[in-house]
């Protein structure tokens, strides 16, 4: 067996942390496996969703947080829609990712967090997404600078699908407002994740 | 008009259509009237009708159940008769309702017409067996504006208001005694086994008496204002009786004494009644 | 002056674990009129009751308060105790400090104890005002009504009839037999369902004490235990009593549009039909919604071919009203309609069938004579997937309960399939296997080990239709694998749900039902076949999903209850009824108008010497003690024994007063 | 005139410009007024909700509040944007704590009463398929279309309201009304890989490949979508997928407004059909539509 | 809500057949609720004389709850229908006299709704507390 479950190893707070942040009752899960059965990306996951739910129930923090499962979740909500126990599993996966990115737990994945950071920065600075800059920055930071450049990227540019100039909010006040807003959110998030739920 | 009234009653008495006639006569001064019980044709000269005839004579019906009676009613007293018939206090055949056209009565205490006369739709009586005189209805309709205004107060304010009012109450029971629908043989207020109500006269007990009385006459009170007029300490009982009328109308679309066929709101139900906030 | 004894029960640790019972007893002792107050471990036990009896004798008590569990549980017990010690049984009050205190306020023992003291004090206040009442008796109509002609109803009817009482068995369908008649084999013995059921059906038909009324429905119920008055609608069969059941009409009937309810809509049926060949009674009915004559005015073939002239198109629905002393409700169940399961095709995929449909498919009397073929194209099947817990254990579909029999019937069906077609493969998707029952677990093991049924632990996520196959996407959580099976046929183990219209039916009797519509028993452990309505008993799946042996046992239990009721000369009824003080009655007829039982009479009566008044009077034998008159009387002339104004007022006063415990 | 608040979303001004153009064109023709939310900011897309719940609520809330203030139903042609707007509305209602924080940051209150609908529902349900049918100039006879709904406009069940979650029919009804044939297939709501387009491309290739394969197997000649993300996964990645599957798929993927546009008589360039990686022209010409 | 709310007095009138049994069910299910409510058993909400409620407030009750069978389920067929009419009238009248609407409540709780009873009591207690704390 891969894991040895000892009562003293079970981190009591882990299940509660996930339940509080996701506002989902994970203890409700009775392991029918319907989420795993319908998950389109389960084949690529270290553990299928139902097993993640079980491991959260048992407080198995390390295998959950170090697995790729939540990062491979595409948020298609198939599991949530079909769950007979009315658990929003996709939201639990989101929560795991939020917890990981907030730095509270060790990060096992970096492609997506890099993408997320760039993406949100783009919104913060321009209010919209600036695809070319975003893709470029992503490729650079993920150390794969030529990903998708040919043929798709090139064709995209040729077809005029990707612009060279970012769409900006022209009103400078709006930009300041936006940046302020993001700062406020970050502050509240820190409170939520670190202070209230520990 | 007095003459017309007297002649009519004379005729009814001589033809033996009725045993009694109940009307008004002059009391100790010209601003006062009192109930008159007339049994012979000769006696009819006592009867008068004027703006001081404020009493609701329907009250006496419950006391004279077996006799045939001619009752002089203002338009606003007639619902009382209907209500009492509905409550089987006497049969309609035993009473001849003589409607007296009325231009509004005067409240002696204020020297003014009470609010009900200002917005009166039955100055010319409706539903009487005989009608005497003519009068013109008010141009404005009966409304519950004053009650609605009071309802806007906070419950604390309401509580304080009534506490002050009922501090004045001396529990003379005049309100109950003049109320035509307060005909119970043994009023709860005077029972001792069980003692529904403490006999002490204090604001709390007084308030409780009025609360229960109001609850008991809900859907039966015709808002005739007899209690309000009778109160020696000027407690605005109208504010309560009118509230009853408003609730009966708004909650159950019921008007006491208006429709002989409508069932009193609390002794009937509809399977589709609204849930009105029941959890 | 009252002499009250207060007895505080620990109920083991049920009460004493939360409430300081000695403090409650001590406080009781300080109350006026209380002569003795004691606490004891189990008041309802024999020694506990003896404690009470001894105290009554020793202290000359005339009233009792028992602070224990709910009066709904043990009021009768302690009333009998009082009676044994020579006190009027209605001088007993209970303070409910278990269900209403200990079990619900376990989070604060101090507050719980204070509340227990208060409730006890309220009961003392009430009992102080109690009056001695004498027992009343009512006659019993010794005839039972059994509603529902499935195995539960048949068994109950046979048992009651066997004890010598008359029974009317009412069935909605044209034949008795119910769901069990639709089954092929039964678990865990695999004996033929029809072979064990039909003899019972025939026995019911032939029993001189049983009257069968098929194609009939109960429409109205009034009265109460011993005296139910029931209105029954006999639906027009369009076939009269001359019918000899030769079946020619059915054979010749040209209409084929209707679908057979008995065959779960897998096959057509005629407009004049008996549901199945072994129907009891073997008399067909005309389905007027399908009959060509009733639809177009032309045809009448059945009338022409009938050798006895039994067809009667003019028959009308007929209503009868009869009296019964007791009623057994055995109205059965429906299976869950999986059209709510979008992931399983909204009930629109023809080859996704219900378990009950599979029973008909594999039954030799079914539409395919026992050949399991696909309903869509009648091809033979190779891979069959069984999915358990459809409409069971599913909160999202509002069916969180376990239907109890699906694990077993799925195992049975998979075995039958392998039995008939050894070359097929059966796959069962399950969450947990629930096989509690004699020989049940062994049965499921046999399915896996001997028959090679493949059990996969996981709920199926979706069924895809693809080129004449059904792609079943599931998982096996034990191996952590996703599973895809190309199946020919998918059989859903649909759970049980209450019969359509169960709630409306419950309202006829004022029975309570749970949130799904299953009827509530009086007590989940100690009164499993009684209902809150005395004289009405429940049997079978209308109460909750259960298998055949449990249903039969429950039906026999109801029969025992009915017989015990009928064995009495007369019925003892509670004297807790209304009474009018005619001196204070104003004769307004309000009570007369609101009484649901017409138990109030208006009379002209001499109430005082020389004073004749129009007053109300209660008909004691009719009054049920609801108190609607009391709530409506503004003259305060009506009162309700056992719940008098004095008692309620004193309870209110006590409830609002502070505890004076030092 | 039918008036709705329009939240185009970032993609519609870049990778899915043709969707925006076709949508505005068709709506003008149908007399549906699209009032673009001024100074709208990105909905947070697939990123905000896996980074910060609050960000995921605040970003859409600004547009929601604007629509509510102007008493309009808010709609987005992009399934992802719609999903974020709708989920923000639902979450703000479900979690009062979140609502409080969001309102504090925005300095505005949100009642949550305004309606949030996907453009398909605005056009096909509110405006009505029948009303569209009445304005058609052309029947798309003989065209076999697979309607692909994807995840975000149908799931979770709360956003789907009166359509069926597992087998939605909204666009299929449109297809029939346009005179074309909606193929029956069971991959309508399977996931295309959505946001993994850039990060985990191999997943997109597999999932989108499954969908394309299934569409092809069910006889579809064209796939109709209502989401720029689905479109780019099914269309722009199709050549790669074909290579991977070693089969020539060659199924054009069109936006539903483009398909309506065809039936309203617009041409190849009007609807910017040239922007697609898989050129629909040969198919449409063969069917006599172009 | 916290189950510990001292110094609040709530009188509950429960009909014997549904709500009292429902309250028993609450106990069977070990659902907890604030202990302020003191239950008086009555046969049916139809027996509920409005006077008793006025008396309760007069005696110092902070709140009153009357609970009966759901409409259509009354053991006596129609008692709760009469109550359903008395309730809004009485509530309105009491309010007119200054008895706050947060103090007087009615509910339908069936014999199987143990959880609901706990919820109802929690809600009633919270409302009464709100009245007392915030006026």
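As written, the chain order gives the labels A, B, C, D and E, with residue 1 at the start of each chain.
Assume a contact is a pair of C-beta atoms (placed from the backbone, for glycine too) under 8 Å apart; a residue touches a chain by one contact, two chains touch by 3 or more.
Since the model is a prediction, treat every value here as computed from it, not as a measurement.
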(request) Could you tell me the least number of steps, going only between chains that touch, from chain A to chain C? (result) 1
(message) I need the common contact partners of chain B and chain E, sorted by label.
(response) C
(request) Tell me which of C-D and A-D has more C-beta pairs in contact. (result) A-D
(request) Return the chain whose centre of C-alpha atoms lies at maximal distance from the corresponding centre of chain B. (result) A
(request) Provide the C-alpha centroid distance between chain B and chain C, rounded to the nearest whole angstrom. (result) 53
(message) So the centre of each chain is just the mean of its C-alpha atoms; given that, what is the distance between chain A and chain B in Å?
(response) 75
(request) Just give me the whole-number Å value for how far the CA centre of chain A lies from that of chain E. (result) 48
(message) Can you compute the centre-to-centre distance for chain B and chain D, using the mean CA position of each chain? Integer Å is fine.
(response) 70
(request) Indicate the residues of chain C shared as contacts by at least two other chains. (result) 343, 462, 594, 632, 636, 645, 649
(message) If a residue has to touch 2 or more other chains to count, which residues of chain B qualify?
(response) 188, 196, 266-268
(request) Give me the residues of chain D that touch two or more other chains. (result) 165
(message) Please list each pair of chains that are touching.
(response) A-C, A-D, B-C, B-E, C-D, C-E
(request) Can you check the complex and tell me which residues of chain E touch chain B? (result) 50-51, 54-55, 58, 71-72, 78, 81-82, 84-101, 105-108, 120, 123, 135
(message) Using the touch definition from the top, list the residues of chain C that touch chain A in their complex.
(response) 343, 389, 393-397, 431, 457-462, 473-477, 480, 482-483
(request) Would you pull the chain A residues touching chain C in the complex into a rising list? (result) 30-39, 42-43, 47-48, 50-51, 78, 82-86
(request) Would you pull the chain E residues touching chain C in the complex into a rising list? (result) 3-4, 6, 9, 11, 16-18, 20-21, 23-24, 26-28, 30-33, 35, 38-52, 55-56, 59-61, 69, 72-79, 82-83, 86, 110-113, 118
(request) Spell out the residues on chain C that touch chain E in their complex, using ranges where they run on. (result) 70-73, 96, 98-108, 111-112, 114-115, 118-119, 122, 506-507, 510, 512-515, 520, 524, 532-533, 576, 594, 596-597, 624-628, 630-633, 636, 640, 643, 645, 648-649, 651-653, 655-657
